[in-house]
Amino acid sequence: MGLSPRPERNVVTYDPQTQEGWVTTRLDFLVNWARANSLWPMPFGTACCAIEMMATAASRFDLARFGMERMSFSPRQADMLICAGRVPFKLAPVLRQIWQQMPQPKWAIAMGACASSGNMFDNYAVVQGIDTIIPVDIYVPGCPPRPEGLMYGIMMLQEKVRNETMRNRSSRFEMTPDPASKLYIPPSKIDELSEPFGNSVQQTRSGL
Amino acid sequence: MSKGFDTVQAGRLARGGAPASPRNVQHRGGEPNPTAAALQSRFSGAVKRVDVIWGETTVYVDTARVLEIVQWLHDDQSQLYDYLSDVTAVEYRDTEQPLEVVWHLRSLPYRRFLRLKTQLQKGKPLAVPSVWSVYRGADWLERECFDMFGIRFEGHPDLRRILMWEQYKEGYPLRKDFPLRGRFSRAEQLRQALAAHPEARYSMEELSIAQAFEDLPPDMRQRLGAGEKTGE
Amino acid sequence: MATQKRTVEVALSTTGLDSQGRPQRVPLVTDESGAAVALEAPPSIEPELEGEHMLINIGPQHPATHGVLRLVLELDGETVVRCIPHIGYLHCGFEKTGEYRTYNQIIPWTDREDYLNSPGNNVAFALGAERLFGIEVTERCKVLRVIACELSRIISHLVWLGTTCIDIGAFTPFLWIFQERENVYNLLEGWVGARLTTSLTRVGGMAADIPNGWMDGLRNYIRTFPKTIDEVDKMLTRNGIWVGRTVGLGVMTPEEAVNYGLSGPMLRASGVAYDVRKDFPYLDYETYDFDVPVGTAGDVYDRFLVRMEELRQSVRILQQAADRLPDGPINIDDPRVILPPKSKATSEMESMIHHFKLVMEGPRPPVGESYVAVESPKGEKGYYMVSDGTSKPVRWRIRPPSYVNLSAIAKMVEGHLLSDVIAINASIDIVMGEIDR
């Protein structure tokens, strides 16, 4: 769990199983290194997490160290969507459209508990986790997560990016929502993901 | 640059010394706002009840005469309630109790605060007069009250949903019969949210701008022309 | 008609500083009575170029809308003819959920609605709940709450300043300001453990007392913070670009401002001296010595000046509060409202029962209702609570100042250019969390 130790860089490998050669692994390394160290985030900031995201980009915590000071507000020029804040149902089609406008390769970070699971907003208005709308790569818990937490999540994403290969492009396939319902995962799965858990289960009685 | 405005001091007509933080506020039976007596003498039929709870005066009035009373409170020189703080509604858990619509008014010159309430019986259609003609600030406040409770404000120029999208089908969220998590399953709520028509992003009023209506494909124009509700 | 409408321009010169040390603006062109005269807009060079009006959609995802606000503008060239704002993109059912939570459980919710002013919201809610319960808090608690309110006023105004600078084009103050905010975050984190969403108060007291050495940190901050205000002041207040971009925009007359229900710096910039701390005081604000800045022109520049001065006045209040902080308990002594100390709750039966009831059921106020308004950085923030005797409110209403302030935007941007729309929107100081709740 978490970040793994840096892989050996000076070792030349040939893997007889996958028949990945030296050239493809070096090319993978180069492409992934370029992608990971210049992720251009698309900040989809809605609420309190957006303020912590701004603080992360500001001078004390400084996202520019990671190559991310160029926050791209146009989805067409971004690689990474950081959904920072709660997403109500009215905003859901907007998030879906922004995600679909981003070109591949793209990754998504659900920053904060609201984007990951709906947080304390277990009511009629809020999407219970944006993974019901778009595929998410990294979840950063916290309400709001500290800037260090967001950076840890970003570093985890960088590691995920570094471990991608060109042979297996399944993570680069665009999601295909059902044209009728526009859902990209089955409704039963959405209901299961949105089930109340923990304290929320107890707190449905109004008045005592 | 516009010409400078002179400073308008709040409380310029107030008597009774400098204002102080409230201390030892009684639950009931405090000193009522002088406006309550004025209302009772002038609108004796319309004023149902006056309560003073935690130092705040609440006047219950008849629904039909709300606009007249609010207009008088705004215009009369001895009242001058020029500031509308809030318009909202309360539904009680006890189903016998009627719905209440609440107006919070402030008189800045006299430094007074008044709560005006009217009661709406639940069996009948929920409608009250709008105070938009007196206070422009009531515009969005009344729209939100309509969105959350379904109370119609008669005389409002543009009463439509503001916080939920216009075709929201689940109902009026702040009513007590509306469950906390909504009436539909999560997947269904998501499906309805994502299924908005492409032209539903813009309301009819907006599409009429810039002759954009002419550029729409004919089937969309037909649907919109037939009165299909659009907008958010 | 529409092609003629532009921002009205007035030539100004600064003759020096007035008695308060602020630049004195004097119009260059005056009429007989000495009032400033607006320059005539030059006639349109190509009056025969009458085009269609354009429909432009700004948002809801946009860097300059301060959240998920959607503005649909009808433009004639670059001039706005009509503006239709759409909100609700951050509506998260606060008021509904408040009916299913006990009063102390609602306090974390108050953090999240106006998330730039979390400590201030916590204090406002605690005041409202205590009015409903009929509780008077201790003196130490009151002074700590004043400190919390003013710190939160500072951080909220700083975010407004930073984001307005970015909107108008100046990026550097944003970085200086966020560095200053980190200092306040350190203080808040030392106090209650959280930087942004603090949950600082409880019904009847505070979540925690300040730790040892915290006051030194506060005094240090009071000493160093005015230097940053001075730096930003030096950079912006007499800056020709800043003045040119903000003077004369989005003017609201005092009568309009009162009628639209505006509050806070929006109202005071138009010349109406209404501040809830002075006119309907709470937490003994009448015993603190501070001024309330009031503008004269009702435009974006005046709102900027009002907020800058409010930052200085907040520091003044903080100094006085730091000097007068009394010793003593911070929570009231009522076991039906305040949790007993853990040592007692685990050893005495009575305390254990109180603890159990307070955690499982929550404190229960008498039947009644209360509306308490405070002066949040955005304006008059009110919490209206109705109780039916149970531990969860029947109705929890938030009177959001930004909501009412934003409703005036359609009036304010008519006739201005598109770039002015962004500046006017920034000057309202909106927080979508509070608007949409």
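Per-chain residue numbering starts at 1, and chain names A, B and C are given in the order in which the chains are listed.
Note that in this section a contact is a pair of C-beta atoms (placed from the backbone, for glycine too) under 8 Å apart; a residue touches a chain by one contact, two chains touch by 3 or more.
The model shown is predicted, which means the values in this text are computed figures rather than measured ones.
Interface comparison, A-C against B-C: more C-beta pairs in contact at B-C. With centres computed from Cα atoms alone, the innermost chain of the structure is C. With chains reduced to the mean position of their C-alpha atoms, the one farthest from chain C is A. Chain B has its Cα centroid 40 Å from the Cα centroid of chain A.
Inter-chain spacing, taken between the CA centroids of chain A and chain C, is 32 Å. If you average the Cα atoms of chain B and of chain C, the two centres end up 22 Å apart. Of all residues in chain B, those touching 2 or more other chains are 93, 164-165, 173, 178, 180, 232, listed in ascending order.
Residue positions 88, 91, 93, 96-97, 100, 388, 390, 394, 436 of chain C are each in touch with at least two other chains. Each of residues 90, 122-125, 204, 206-207 in chain A touches at least two other chains. Here chain C touches chain A in the complex through residues 60-63, 67-68, 88-93, 96-97, 99-101, 105, 108-109, 111-112, 115-116, 159, 174-175, 178-179, 181-182, 185, 195-197, 361-362, 388, 390-392, 394, 432-433, 436, going by the rule given at the top.
The part of chain C that touches chain B in the complex is made up of residues 8, 10, 12, 27, 35-36, 38, 52-55, 57, 72, 74, 82, 84, 86-88, 91, 93, 95-97, 100, 131-132, 134, 136, 247-248, 251, 253-254, 256, 258-262, 270-275, 278-286, 294, 296-299, 366, 368-371, 373, 380, 382, 384, 386, 388, 390, 394-395, 397, 399, 403-404, 406-408, 436-437. Against chain B, in their complex, chain A makes its touches with residues 89-90, 92-93, 96, 122-125, 127-128, 132-133, 181-183, 187-188, 190-191, 194, 196, 204, 206-207.
Contacts from chain A toward chain C in the complex involve residues 44, 46-48, 50-52, 54-55, 58-60, 71, 73, 85-86, 88, 90-91, 94, 98, 120-126, 143-144, 146, 203-208.
Within the complex, the chain B residues that touch chain C are 1-11, 18-25, 27-28, 53-54, 56, 58, 82-86, 88, 90-94, 102, 104, 108, 111, 113, 115, 135-141, 144, 148, 161-165, 173-174, 178, 180, 201-203, 205-207, 209-212, 232.
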